[in-house]
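See below for the structure under consideration.
Chain nomenclature is as follows: A, B, C and D, assigned in order of appearance, with residue numbering initiated at 1 for each chain independently.
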Amino acid sequence: MIIVMQQNAQPKQVEDVVRRVEGLGYKVHLSRGEARTIIGIIGADEHLLQPTAFEAMDGVEKTMRVMQPFKVASRDFSQENTVIDVGGVKIGGPQIVVMAGPCSVESREMLLETAHAVKEAGATILRGGAFKPRSSPYSFQGLGEEGLRYLAEAREQTGLPVITEVMTPEDIEIVGDYADILQVGARNTQNYVLLRALGKQNKPVFLKRGMSSTIQELLMSAEYILSGGNMHVMVCERGIRTFEPLTRFTFDVNAIPVIKEMSHLPIVADPAHGTGKWSLVAPVAMAAVAAGADAIMVEVHPDPTVAWSDGAQSLTPARFAEMMKALAPVAQAVGRTL
Amino acid sequence: MIIVMQQNAQPKQVEDVVRRVEGLGYKVHLSRGEARTIIGIIGADEHLLQPTAFEAMDGVEKTMRVMQPFKVASRDFSQENTVIDVGGVKIGGPQIVVMAGPCSVESREMLLETAHAVKEAGATILRGGAFKPRSSPYSFQGLGEEGLRYLAEAREQTGLPVITEVMTPEDIEIVGDYADILQVGARNTQNYVLLRALGKQNKPVFLKRGMSSTIQELLMSAEYILSGGNMHVMVCERGIRTFEPLTRFTFDVNAIPVIKEMSHLPIVADPAHGTGKWSLVAPVAMAAVAAGADAIMVEVHPDPTVAWSDGAQSLTPARFAEMMKALAPVAQAVGRTL
Amino acid sequence: MIIVMQQNAQPKQVEDVVRRVEGLGYKVHLSRGEARTIIGIIGADEHLLQPTAFEAMDGVEKTMRVMQPFKVASRDFSQENTVIDVGGVKIGGPQIVVMAGPCSVESREMLLETAHAVKEAGATILRGGAFKPRSSPYSFQGLGEEGLRYLAEAREQTGLPVITEVMTPEDIEIVGDYADILQVGARNTQNYVLLRALGKQNKPVFLKRGMSSTIQELLMSAEYILSGGNMHVMVCERGIRTFEPLTRFTFDVNAIPVIKEMSHLPIVADPAHGTGKWSLVAPVAMAAVAAGADAIMVEVHPDPTVAWSDGAQSLTPARFAEMMKALAPVAQAVGRTL
Amino acid sequence: MIIVMQQNAQPKQVEDVVRRVEGLGYKVHLSRGEARTIIGIIGADEHLLQPTAFEAMDGVEKTMRVMQPFKVASRDFSQENTVIDVGGVKIGGPQIVVMAGPCSVESREMLLETAHAVKEAGATILRGGAFKPRSSPYSFQGLGEEGLRYLAEAREQTGLPVITEVMTPEDIEIVGDYADILQVGARNTQNYVLLRALGKQNKPVFLKRGMSSTIQELLMSAEYILSGGNMHVMVCERGIRTFEPLTRFTFDVNAIPVIKEMSHLPIVADPAHGTGKWSLVAPVAMAAVAAGADAIMVEVHPDPTVAWSDGAQSLTPARFAEMMKALAPVAQAVGRTL
């Protein structure tokens, strides 16, 4: 970490900062410039330091981290890409994994119908929400365990591994009994109680970026799970909140190569939430694969106009099949398969 | 709700939308313009409708809500301002309530010292975190129940009611045993499991706006608690995430009069998180009161440079006392007391 | 346009709005709901109306446009994609056009060297700034007309048409004497004096999206040029300002399919400004082509470390050649050529 | 400036950076940590350096400025606040200056009526647009010189100095013939050609923050004018673009104390553009004064419902008079007069 002192900082103030740093067991490297003094803090455990504490000291102008505040999630920790094996489906390897299914599990029939349709069109993992975080208390909140049972049945019929959302630590056990991947939604990216609990599991975790999480915060949240001992974490770009009103969110395609540079974790792209409109899902999915995403998650509904949630961004099975056809040559163009 | 059809929408597509709306029990009002057909949906329960489902229908261009998607939180529900009485301290009345104390309860001594100092300077409620949501798994996570006990002791000594954060439904009971107000942090604004559980309590709830929540989403989250039966909800503006890098967040001062127009709930301003820097806390607190805030929450620490969290934005007791002196004439200028 | 009256709007207030609308020569369609009255305004010239004027009337809650506020730029105006022919290079056709060259023209030698290098690697248009908008008054501001002469010489040697920036109406003539495409930079997207002057030209105009322009505002700015009579306009997505600090801007990949739906104008992607870092340029360029961009603009410098501007996001000629190799199969995957 | 090398940077790469820095005439201070090497650049002219050029060098991870990139605009340049005298009205002194008048000058009658009304209610400067930047080419673009003549007549009748917008360098002379303060609008904050031309004038300049300009960029734009020799610059906070849709912009109240810390220039607040809605103007104006603004600019129209621009955010003369009454005690509360 680097601490920049104010232009008129007193020698005593510089000394106080140095003493504090040394008291924490770090070595100090001092640069006295014409205009300002700069204090470098040297040590491998920089991620344990808190810049803001130093900013409260008299005479300090600002601080800058030199190293990332996360460790296990970083590229420095592992040069090799993490590959997560979910019942034989490998996320982070040469194959682009496609997770598809309805936003919410609405009934046994609709789920089974959708599961067979997406399987036929080439999906490799089945998605479906049983516990649903909804912005309105008056909206459908999910079928709960009943939905989980239908997901398990759909897996049995199609062979597709299942991913579904977990909203609270108490649900981990029951969701884990049915699902192959535990999904953390965008509103829970910084639900640290939930993340810590997931760190003690051995199940793969799918961690969505919050709608206003920075990339660094997303990787810090991954660090919560990883540092707890669960190394099976994939992160998901699903659009961030910006001023642009024509799309529900702005899909941050930059985040894909940035995360690939900074971390070894697999990256999933969610073009449905990242755009909010079904007609934009295929082009943005293709963009994500071209930029280096390892997997795609989309919402498919037999009839989006009667969907209980996220209808506007759901594909029909026919449109999903079309998207898969368009996606295959793009995957090939970047040296991967679908 | 209003549904705008595409320019080239087929009569059959218009009929399908009309039939769907009527099937849900709403009346339809049709406007056929030169360029487009517009479908108005008439009914008091508009907040139960989901615009996105209609956007998935063929021929639909866009939808617009006419009424707010929340009901109990709205100004239409109550023209009179809600006043919450916490042990005699009235939030939402003529007095500006000041909540002050350390970010984290670090020890019995520091808490008691701070509590007495803020009481003396005029604070009316004591704040302090026992369960702390931290972005790094390597940071101090709070003293837990031990911290709650110190808060209760500080209340006994000073007479100040106590507010502290609750992070998960399981903690509600224990936190509720000690605290007078249950705080929901910015990372839990859309933790619906937690909000639903708080709706079944009778304790006052302090709901922070998420760093990227819209005002409407904040009031929807309040609606979760209110619709569960707990009418003692205050909302808090604490800064939103923007592109400006010089401050940690951008305090959205507009939100104060906007919420006053839209809702009857009391509004608290948090200029510490809303700026991230102690030297900006007093001017922004004064701005918030001038704009109509009912209460102010600030962080005070005997020595911010050794604070275990949020040091850069914490006031010393002396600076807090100065802020209180500056705040008093501003409160008076808007016809209130401090 | 639709005008939603407040819940408690008086009949007189509704009448006043109706009279105002009819006075402007539009027909009115009135919907009286249980809760609110809604006034629909019917007429083909909706883009001439100003919603905000009605919002100032007593009893009005909000307004919503039904049609886009632009006309010539819209898809309704032309179902067929506009193709702009620049000396035989067709922008908006099946071939992905690549515009490459240095950020600033620094000297005759460096420009000619770069021009030959990008030509060899497959670029079809040469870019280079002679008049430079710089955020610091102490930075290099461009060679001016001298730079334009070097660009013309480079065109003569390589056969590549030339694009360069024009910052003010007075420069149009001189820049137009040398350049084949006139570029409007992101800080001038809403410089209406400049846009109007360009509307009177016959030269192709390359219009960058402002760093905080909405897509609608970008198309409104295009409308300024188009409505003046100059139909040769291409728009450029170059990243928008968001809260994410790891990249200089957030490339809005959604904007590409959105603009394709809303407008017939060709779309260029600028992954250099859209990311701010050379290592991200190739993956984001590939993403843009996969999403449907018609052209790519990138910065190439023989030695980016000595570049007088934008060094961090400039490619070396070798890296540019690599990017072109990676881009070709992606273009093919979406049915286009490079 | 500080340059942080990558963890695996080669000694040769460090040497290259050092040689480059020394070649530019700066001294280097090297810190070799366990993990990384850090290069400090020492010298008073840091604002002449470009961080991005170094980021393009092999082995460099990131750079950080130590000093601000502006000089004349900075608090280091002048501890004393700049006070601008406009015909006896002092901006930046103990009196809160109020600039009021219509968005656009629509006719002689309406301007004179408004001028007398705002004068009577206590305004000290008259505003009114003659050259109008409008997002639609189909909207009213201002009366031009005719409008300027009416402004001059209104000044003669009321004694109020006049502020009006200048959109392009060619207009400076004519606008300067009539106006007392030249206003640069939010869409021209980074129109460097215009800024440079204004730097050669002796007239006071009112510089609006762009809707997505950072505070640093705003002060860099002020530096363009100041470094040209014109020291009469005031800056204006007018709301920034954020994700919040209920207000047109988000008034950044933090910016007021931040700019006061960083710069000696007077600060004006524009709560009309900063909110977009007349009912929010008074509370946000009061907030701005409480936070330390030196002046307020608001839009007043005899009948906002027929305003040719910005009707929704314009005050009637009666509402303006009410705002002035509410503002006076707030000004007093912060030790100033109105």
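In this text, contacts are C-beta pairs under 8 Å (C-beta built on N, C-alpha and C of every residue); 3 or more make two chains touch, one makes a residue touch a chain.
The model shown is predicted, which means the values in this text are computed figures rather than measured ones.
Path length between subunit B and subunit C in the touching-chain graph (shortest route): 1. Shared contact partners of subunit A and subunit D comprise B, C. The chain with its Cα centre farthest from the Cα centre of subunit D is A.
Computed from the mean C-alpha positions, the centre of subunit B lies at a distance of 31 Å from the centre of subunit D.
Subunit C and subunit D have CA centres that are 26 Å apart. The set of subunit A residues that touch two or more partner chains comprises 212, 241-243, 245. Note for the complex: subunit A touches subunit B at residues 20, 47-48, 50, 52-58, 69-70, 133-139, 141, 167-170, 187-188, 190-193, 195-196, 210-212, 217, 220-221, 223-224, 227-228, 241, 277-278, 304-314.
Touching subunit D in their complex are the following residues of subunit B: 212, 214-216, 240, 242-247, 250-258, 261, 274-275, 279-280, 283-284, 286-292, 326, 329-330, 332-334.
For subunit A in complex with subunit D, the touching residues are 2, 4, 7, 29, 31, 33-36, 38, 40, 42-44, 46, 64, 66-67, 76, 212, 241-243, 245.
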